[in-house]
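Should a chain be cited, it is by its letter among A, B, C and D, assigned in written order, with residues numbered from 1 in that chain.
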Amino acid sequence: MDLKTPDHQNKTLTDVQSQQDSRRLDIDRVGVKDIRYPIIVRDRSRGQQHTIASINMYVKLPHLFKGTHMSRFLEVIAEYDEAISITSLPNLLEKIQSRLDAEEAHIELAFPYFIRKVAPVSKASALMDYQVEFMGVLDGDDYRMTMKVMVPVTSLCPCSKEISDFGAHNQRSHVTVSLQFNKFVWVEEIIDMVEKNASCQLYAILKRPDEKFVTEEAYKNPKFVEDMVRSVAADLEKDSRVSWFKVESENFESIHNHSAYALIEGGQKEL
Amino acid sequence: MDLKTPDHQNKTLTDVQSQQDSRRLDIDRVGVKDIRYPIIVRDRSRGQQHTIASINMYVKLPHLFKGTHMSRFLEVIAEYDEAISITSLPNLLEKIQSRLDAEEAHIELAFPYFIRKVAPVSKASALMDYQVEFMGVLDGDDYRMTMKVMVPVTSLCPCSKEISDFGAHNQRSHVTVSLQFNKFVWVEEIIDMVEKNASCQLYAILKRPDEKFVTEEAYKNPKFVEDMVRSVAADLEKDSRVSWFKVESENFESIHNHSAYALIEGGQKEL
Amino acid sequence: MDLKTPDHQNKTLTDVQSQQDSRRLDIDRVGVKDIRYPIIVRDRSRGQQHTIASINMYVKLPHLFKGTHMSRFLEVIAEYDEAISITSLPNLLEKIQSRLDAEEAHIELAFPYFIRKVAPVSKASALMDYQVEFMGVLDGDDYRMTMKVMVPVTSLCPCSKEISDFGAHNQRSHVTVSLQFNKFVWVEEIIDMVEKNASCQLYAILKRPDEKFVTEEAYKNPKFVEDMVRSVAADLEKDSRVSWFKVESENFESIHNHSAYALIEGGQKEL
Amino acid sequence: MDLKTPDHQNKTLTDVQSQQDSRRLDIDRVGVKDIRYPIIVRDRSRGQQHTIASINMYVKLPHLFKGTHMSRFLEVIAEYDEAISITSLPNLLEKIQSRLDAEEAHIELAFPYFIRKVAPVSKASALMDYQVEFMGVLDGDDYRMTMKVMVPVTSLCPCSKEISDFGAHNQRSHVTVSLQFNKFVWVEEIIDMVEKNASCQLYAILKRPDEKFVTEEAYKNPKFVEDMVRSVAADLEKDSRVSWFKVESENFESIHNHSAYALIEGGQKEL
C-alpha cells in the first residue's frame, strides 16, 4: 500500500496519501507491523550473531496528511541488508524521519538471542535462546531506547519446601526485565543479573552430575515469584546506568494450571 | 502456592508468606495469571450470555510482607460460581482487597463475546465472535474500569482503487478500541461505531446476494488504516461519556506478508 | 463466499461454484475453519456445560464440481442454536451431507472443558480447564469419531530424585490422549486415567495442607515422560472399549528451555 | 534430564534410564521438543542463509529400556555448530542412532526462509519470509525425508467478481505444500509453483505502479480456495520427482471472521 511522489515512471497515478485530511486528528503511530527480517546483532562474547527479527516501524502523522507512504519503511530496512543492530537504530530512525517527512519515528525489534551455556559440572556446552526486544524512538533530535530481555529460569517454592517432609515444587519461570539506561548495558549483563537471582538458571545440556547440581542448587535457593522480582529490582536500583526498569516474573506453576505473577517498576520512564 | 493463617487443621505449617521482608520494596502487582473460567456476561439483546474468560488478578503488596496468599484469588472466583460480569467487578475487587489485606486490587477478564449478525440482503443469521476485555482496579474506594473491544472488519485500500483500472485490494482488519467512560457504554455500541466506520462489516453467513452487497459496499467505502482510526476517534471524541480512548487498527494486507497499523489516543487516562 | 442455487431473489447471479471443473481432481477436504461458536456439551457430573468451541467443517468434493457452498456450513451450525454436543455430531454431519450434496462430511470441535476439582486435604473446590477435541467423519452411512483430551499434570524426574541428596526437579506436563472407541467413553474417564498415572494431578485451589500433600505426593511418584505414556498406554490397552489410541506427553522441563516428549500409539485406527 | 553411562567423574550416580522396564511397551517416539537453535540452510540464489530453527528430535525406544538419554540429542546439535542443513540430516540422524543406541531416529526442523522479492514494475527489492519445515527419519539404513513449505499469497474470489458490479473480495491466503521426492526439489521451486497458481503473489515492497499491477493481476486471476489446491496439485502430479504430496490452502476471508480451507493429497506417502 504505497504511493511515492509522482515521477516519470507513473506521473498519472494520483498520490492519494499526500492529499489533505480535514478531520484535524494527528495519528500517534502509523506504520508497518510484524515484518520478519534477518538481522545481525552485537554479541559480547562472539562480536556478532545472526538472528531473525520481528519488526514494527511507525511514525507520528500530522493531522494535515491523509496517509503514510508505507513502502518507504521497507525500503529503509532493505537498505541495511540485514546489518541492523542496536547501534544502528538512531541512524535508521533518522532515515525514517527524512524518508517519511516525520518528526517522530519508532522502531521495535524483537528476536531470539543465543548465548553459549556451559554446564556447571560436566562443562558440556550448547547455545540457549533468550527473547530480546529493542524499542527506539527518535523525536526530533531526541533519541530514547528501551531494552527488554526475557530470561527463563527455575523457581522453587519456599513454602512448599518449608512445609513438606521431602521435595518442593519447582517450575520454569519467565523473568522479563524492561529497562532504559543512560550508559550502555549489555543484554548479557541483564541475563546474568536475573540468573544469579533465580532458584537456578537453565542450561541447554545437562549430564548426570550437572542434573544433580541444578536440582540441589534450586532446592538450596527457594524463591517466591515475589522474591524474584524484588531481588532483581534491588540490583537494578543499585545500577547507576539504569534510569528506569520494570521487572516481571511469571511462574508456570507445576501444581496448578495457571501462573503466579509479580511486577515491580522503578525509576523514571521517558516516553 | 498458598498458606492460610494457621488453624487447627495445620497449626504446625509455618506461614512463610506472612513473614516480613527486609528489602523494603513494594510489589506493584502480584497475583495469578491465565486462569480459564466460565463466566456469564451482560448482553444488550439477550440479557446475558455464557462465555469462557482468561482471568488475571493482582494486588499491590506492601514492602513489609514477604508473600501473597495466591489461593485466595481462586477462592474469590469460585464463590461467584460463574456469575461474574462487568457489574460484579467492583464487589469482586472488594472481596480481593479484604481477603488479601490489600489496598489495591486488579482484575483483567478477556473473553470472546458473541453477537447475532443478520446478513444484509438474505437476512440469514448466526453468531459472530468479538474479543472483549474488562480491566478493573479498586484502589481504596476508588474504582476505575477500562474496556477493550476488538472488532474484525473489511478494509479496502483507497489508493489501490484510485490507481487501478479495476478491482482494489482489501483484507480483514482488526480494529481495537480501549476506553474509559464516566457513564455506561455497551460493548455493542463500540462494535456498531467501528463497523459503520469500516469499508464493510463482517458477517457469519453470507448468501449470494449478500456477497454481492458486501463486495460493492467495501468498494464504495475505501479506507486507509489511517482513515479507520481517525473516523472512529472522531466519533469517540464526540461521545461525552468517554473520558479516555485508544483506537488501533491492524490491516492484514492481502498484498504483503506484514500488517499496516495505526493508533490514535485521546482524552485523559486514569491509571 | 457462497452461491446458493438460483431463486427469485437473485435469479441473475450466476452460480459459479456449481459449474463443472475439468481438472478431474477430487478435493479430499474443503470447507470452513476456525469458526468460534458457543456450544453446550454433555458433562458427567452436571449434565451439561456451556463452553466456546473452535469449529472446522469439511466435505469431500467430487472432481466434477468447481466449488463448495461455504455458507451452508454456517447455516447448519446456526440451526443448532448452540446445542451442539458429542451426541448431535452424527445428525449434524448428515445435515452437512444433504445440504452440501456430499458423500463424506467432517467436523472438528475443540473447546475448553471444565471439571470441579476438590483439594485433597482442605476440600476447597473450583473449576479447572482441560482442552478437549471431538473429530467426527460421516462417510456415506459410516460414522467414525475420534476424541482427544489434553490433561495438564505434574511430573517429577526419577533420575533427579535418585541422584540428588535432596529435592527433585518437577514441572507441568501436558498429557494428550487421542482415542477411538466402540462403546462410549466419558472425557472424565480419560482425565481420571491420566491423573492417576501422573506424579501428581493439578488443582485449581491448594491451601497450605494441600500444598504439603501434592508436594510429597509428587516426590513419592517420580515419572519419566516415558513412564507417563507407558502407564497410560497400558491402561488404554486393557480397556476393551478402546479400538485405537495415541498417548503423548510433553514435559515443560524446569531445568531446560525445551520440552521432553514421548508418544505411544496402539490398536487399529479407522480413517 | 539425563544420565550418561557411568564414568570416573560420577561412577556413583545410578543410571536409572538404562534400567529395564517390565511393561513391555515400545515407545514410538521419545526425545526433545521446541529447541530453538541457529542454523544455516542451503539457498538456491545465495548459496546459504542463516536462520533460526525450532527443532524436535526423537528416537524409537525398545520396550526393554526404561528411559532415553535426552542430553545426547543436544550434544549432537551442538557438535554441528549451527551448520545444520537439509544435506546434513542423514548424517545427523546416524549420529543420533549411534549415540542413543536407537534403530530409528527422527528430526523435525521448522524455520523462516527468506527470498529476495523484486517488485513487478519498480523492481524495488527486499527479503520476504516463508515458513519451511524438514522432517527426516532414519530407520536402520532407510532414510525418508518430507519437506513442507508455507507460501502466503493473494486470493481473489471468482464468485464475488462474477456477481458484483465492481470490485471483488480478496485476502491473504496460506498455501502449504508438503511433499516427498525421489530427486531433489528446491524450496524455491515449490514457492514458484504456488505463486504462479495464486491470484497474485505477495511482495515485501510495492511502489505505486507495483500496487496498480498486483491489484489488476489479482482481479484478472480470480481463484477459489478449491482452484488453488487443484492447480498446485495438478502441477505436482506432473512432476516425476514428487512421490507424495499434500496441498492445503487457508484463505483468511476478508468478508468473514473465519477461514475457507481446502486440501488435496496425492501419490504414495512413505511413513
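What we mean here is this: a contact is a pair of C-beta atoms (placed from the backbone, for glycine too) under 8 Å apart; a residue touches a chain by one contact, two chains touch by 3 or more.
Note that the coordinates shown come from a computational prediction; the quantities given were computed from them, not determined experimentally.
Steps from chain B to chain C, taking the shortest chain of touch contacts, total 1. Interface repeat of B-C: among A-B, A-C or A-D, over half of the contact pairs recur, by residue number, only in A-D.
Although chain C and chain D carry the same sequence, what matters here is overlap: shared residue numbers make up over half of all numbers found at their interface. Computed from the mean C-alpha positions, the centre of chain C lies at a distance of 24 Å from the centre of chain D. In terms of their C-alpha centroids, the spacing between chain B and chain D amounts to 35 Å. For the pair chain A and chain D, the distance between mean C-alpha positions equals 27 Å. Residue positions 1-3, 13, 35-36, 129, 157, 159-160, 163, 169, 204, 206, 208, 211-212, 253, 255-257 of chain A are each in touch with at least two other chains. Taken chain by chain, the contacts link every pair, so each chain touches all the others.
Of all the residues in chain A, the ones that touch chain D in their complex are 1-4, 9-10, 13, 15, 35-38, 49-52, 71, 74-75, 77-78, 112, 114, 121-122, 124-127, 129, 204-209, 211-212. Within the complex, the chain B residues that touch chain A are 1-3, 13-14, 16-17, 21, 23, 25-36, 56, 58, 61, 66-68, 70, 157-160, 162-163, 169, 224-227, 229-231, 233-234, 250, 253, 255-265. Contacts from chain A toward chain C in the complex involve residues 128-129, 152, 154, 156-157, 159-160, 163-172, 200, 202-204, 206, 208, 211-212, 214-216, 218-219, 252-257.
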